[in-house]
């Protein structure tokens, strides 16, 4: 992963909320004894890995003396029983970080695994699957990285790194053309690729005529998407959007659209099962 | 909700990561115009509400001049089209907070809605459904509150507010009895209810003989759970744990256990669909 | 100490407030010269140590190149002149951290030392001395750890890790029995040991009849405590509370109560005298 | 109080550590009921007030809808039973803030009350009592403000707002005179009043000859202090320092020194007893 | 300004570092007296305003009871003596916030004023002046907003909201064409407008042939820029970059380039003179 | 530099705002390749260095595996082409930190270089050049350190480490004498050197008679400064203030004043040109 500074803070909060004022069970049962141990984090079902660097940081933050070895890579596909990473050192420190490390890995690998299914469903079509801004607050960067680990692509990260004209903008200025023209006149020079959302073929025509670079086709059935592809004739990138599911994604891709955006890559994913074995 | 100070920080991070250096689309298309508006947040499918207070805070944090009115309550069951809250004021401020507010509500109400299904499946049995420590790091409090809004109950919040002896503790001291005795001798005086995890009926007998207050029956099939209930004869609370799903939870409850813990209340929930309509 | 994440922040604030924009005296008198030095932190009176890990962190935070060696352990009893720790490296860095490290050690060792006196006063009785929630805001974890280093025990850490019914709860629901019954019905399943505060033998009877696990006897004289012990007959843990002082604690213990809680372990402690010698 | 930004952070940490994930007793016993209430914070022994603004902020931070009325002023002397402040609103919010507000008030008023005793002991002498840098880390500003509320004065706030040459500086440059001369040559122009610590009358002579503005007489008995006053003849301010106690402070003042510094104003103070009554 | 959350933190730090532990001069001279006052912030030379919202926040943060009225708008051109804003309330609070508010206004209005000169120099040409990533760390958003207030435009905000291929990228992959092709294949779909830096007309041809949307002409003299414009023939946006000064900017613009980037809009600006008058 | 804890936070913010969610250009063009590299930071014009320790920290914060070697020292005068520091390791990490490190160095060395010119202009006179509180909020410590690196001196760091009576204080109490007398009576004992601002020779006389230690001569022409020096006759330090520029500073110094304060040391400095070469 590229450097990003936000997620380290989630590790701090996560550890604080899980450890509280200490593991009273271990203290009561084991007293001060703290033998050296090796913990291995293992997939308990087939999955695509995401979050290794975060898990590594969790253990380092709990105890800088722990030694972590990565046994897989973000984006790798593992089978049940395959190891993700190994951590060696104080058994108490390993247990103190275990739950938080697994929670990050289960959540992020769940997204990567879910995305991989969409990617496989699109194999051989020309369409890319992309995410949306529907992410768990605080996790924008990590969840979008998990989509990439799954083989998907990222849409805008936030409101300032892309122009996407939505229905409320169109309504406010009186039409698709007016909105695109205004955006074109006022956009930052390096953001040439104006995207506009349309919900009818009429609006599509207007958007094409206005010179929009990407056109989001909102909640259109496959037949209508197919008609849109025909009309556009390559003049703009077309993005299908709205209620995309794993069962329907291939049919949508086969209409010839360039992009399919699906919030459910992230918000429809369940965690995958990952555990820690003490060796 | 009771006061809790952690989640406000997630609102800050969430807004920063979504707004970036400003909504460049709105700036380019609408310029400085900023008419007053009313936004209504609405359920787009049947759901159980959670996160209203967080959503309210999001809008207040974006713009203290926005006026928010709650139109539902955490824990309330809504139908498609029912309103959750209304926000009135600057249209730009409403749009700036929209995505983050909806992301909190979709995530948390998803957990409440999912939990409600488990609760309904248990109707008429004596069993309580409880959560685990498998929560999204940073969201421990909010996700556990969502479980309560769905009608579920909370297990430990963290490693320091309950004693739960697991297999690794048992192994380290040589047996269930040894672990319970050590915990009993060293526990804080106000945490009398020692819980111990067992995976066989022999361990169950040992746990009962040691005086454990709660016994977690790990990954046992219904027939074995039933046998465990018979042997315990009310001497301890019994908690069924491991791979609990909505399809199996009633059968488990009917074995007579007191508690059923399910991480999937939280990590198996998908977001529910909630949107904002500008009136 | 178990990992705890809050106190590191106090070190940051403490250093910032003490160093300001630098040690202008040292800069003016010594210029850029910065010879290597060894500083030894030494007890200037008999004391029980607490806060070694914090002091070590102070020096590491000021200058990661400093080498710290612990010469004692939290909970250890030292005589005047005995060393606590040694720090080696840049003399300017040692002086920059000196005051903050000593302030933590003086404050926390003061609490451990004060607690030890109570523990010694109870020798041979069956009573435990426990602390309360009267702690310096921000220091809950460190001050309660200091009580343990002195040989005392901890009562609740906060409002969410134990049920303690007080007079205002009793008043609100109309009686001890009503309060205990309500708490019993609504408590989290792992917090079975409900504690209730009573101020008369009548209330004690009601509490015993309601099945409370711990009963706090508020501000009762020794004779009344003795009567309470007799009536309880072992049916609940009894905790004496209110105005406990080092002069009176043994007489209280000899009444037969199980627990004695004293906020003064923490708020009545004065700092002990600890200094740093440059060798 | 002048604006200061550090202490608000202590309020945040203090509330988080005391409330945890909520007051489970109140939740279990009282359910959702939350009647309006009035709480009055009252002195339970004679004391000098400090920390009112902090206590007010605690309640505002817990619940902005609480109304706080100050019934006393920082620095005011109260008798047992006298009120400090009143807070009105949700009874749950009042109870949620109670302990933290009282902990600040008990700690800070304890320092003000302790300082007042020293001030009274000095009545009629020309000496001022001043504090030191021995303060609880994080509390530098609040504890020094409490000293002022008690009638004392502040010494340096930190290493950068005054020049104070200590034994280790003197040793490093070879003498009192060398140190004062170096400091004089390199001091910031607005800090003319160089202070130097001496432990003999010979060093005092050297300091006077060097032109130091303040001379700290370290650990000298009263007879020696008297001799020092005679020799100085008003050429510099003289500060008595070291082991000053309430029993000895007047004798020290009567030697004619200008300033008496006592870390024990802060680190020797015990909390005063302050409680909250629900009306 | 759009909501942005970063700069509020600079206000906190700025106030803390300026106020320290309070305004000791005011305390010593005026004691507790604190008459109501009106402060007016006034331009002491002709300038373009930037930072009003920040200045307003400074006063609100010092004392929520202060009332601030804006008497100008960001981007407005003022003459010497014209007012920017008025603040009314406690004279001590006004003085406590004065310096920090003026420091923000002087710095940011300096940038807006400096940028306005460049904008005026370009009047009638087709070129836009844009900023760079050379900004004071922590001030990226505020300084780029100031450029807009001056009439300039913004280039990339950071490394993730635009593709800009520089010499080191070109060298690493072996040529302009290789770099553009790789970027085209791997870019996020909404960032179509790839920019590439070239330093010769040969590289320019290669960039045009590769289909780059924006081409940065690095450190070229006017004659070479003119040749580049001729060769490009409108196939890409051309950006002149490198050592642009107010004396040379018009000559550069007249070569026909579309964009001129100048770090000196920000790093070459001096503060403008703004003061506060107590009325 | 002495330890100071504030500026590290600026590094965090600076990196976060510059890196965003990663360097998408490098990712798109170079993929995962990340060869080892050596970067050398080099002066591109003659300058005085300031900020080396900050630049070093920037690279360490981006990637702890980078090795940084300082090739110059704060305060050193370099020629065009001279190296400041070298950084060795991952090329991606070097590029990720480059812009932020250069922005700190360009800004701070700009101040040191600008200050050096004033210092050279004063050579042979007895006057010191000092800064003011006109600093970029958040940069008080770093910018004042840069002034020292340039050979200048520091005035007050903030409102609490020196007494400086201004016109508004004088007006409030009715005269220079009244203000100085009040300050003298109430000042902390270690801040004896009261400074007062005067704008006429009459006020100067009053200030001298009151015993002020430093007198700020506000906006006086050289002839008036000379008269002031004559009248003061060494009874107080005299500080010339107001509109001091590099063109006028020597003439001011030659009037015989002791101190010349110039906000423009900091707010009139432009950045110096510093770049990073990949070797």
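Which chain is which? They are A, B, C, D, E and F, in the order written, and residues in each are numbered from 1.
Operating definition for what follows: contacts are C-beta pairs under 8 Å (C-beta built on N, C-alpha and C of every residue); 3 or more make two chains touch, one makes a residue touch a chain.
Owing to the predicted nature of the structure, the values given are computational and were not obtained by experimental measurement.
Participant: Following contacts chain by chain, what is the lowest number of steps it takes to reach chain F starting at chain B?
Facilitator: Each step joins two touching chains, and the minimum needed here is 2.
Participant: Quickly list, by label, the chains bordering both chain C and chain D.
Facilitator: A chain counts here if it touches both chain C and chain D, which gives B, F.
Participant: Would you kindly tell me how far, in whole Å, the mean C-alpha position of chain D lies from that of chain A?
Facilitator: The mean C-alpha positions of chain A and chain D differ by 52 Å.
Participant: What whole-number Å value describes the gap between the mean CA coordinates of chain D and chain E?
Facilitator: The mean C-alpha positions of chain D and chain E differ by 45 Å.
Participant: Give me the residues of chain A that touch two or more other chains.
Facilitator: Those would be 6, 19-23, 27, 96, 140-141, 157, 160-162, 164, 188, 191.
Participant: Tell me the shape of the graph of touching chains, choosing from line, ring, star, complete and other.
Facilitator: other
Participant: Spell out all pairs of chains that touch, sorted by label.
Facilitator: The list of touching pairs comes to A-B, A-C, A-E, A-F, B-C, B-D, B-E, C-D, C-F, D-E, D-F, E-F.
Participant: Contact residues on chain E for chain A in the complex?
Facilitator: That would be residues 128, 130, 153-157, 160-162, 164, 188-193, 195, 213-214, 237, 239, 258-259 of chain E.
Participant: Note which residues of chain B are touching chain A in the complex, please.
Facilitator: Touching chain A from chain B are residues 6, 9-11, 13-14, 17-31, 33, 95-96, 99-100, 102-104, 106-107, 110, 133-141, 157-166, 168-169, 172-173, 179, 182-183, 185-188, 191, 263-264, 267-271, 278.
Participant: Enumerate the contact residues on chain D facing chain E in the complex.
Facilitator: 1-6, 140-141, 144, 157, 161
Participant: Would you pull the chain B residues touching chain E in the complex into a rising list?
Facilitator: 12, 15-16, 19-23, 27, 62-63, 92-93, 96
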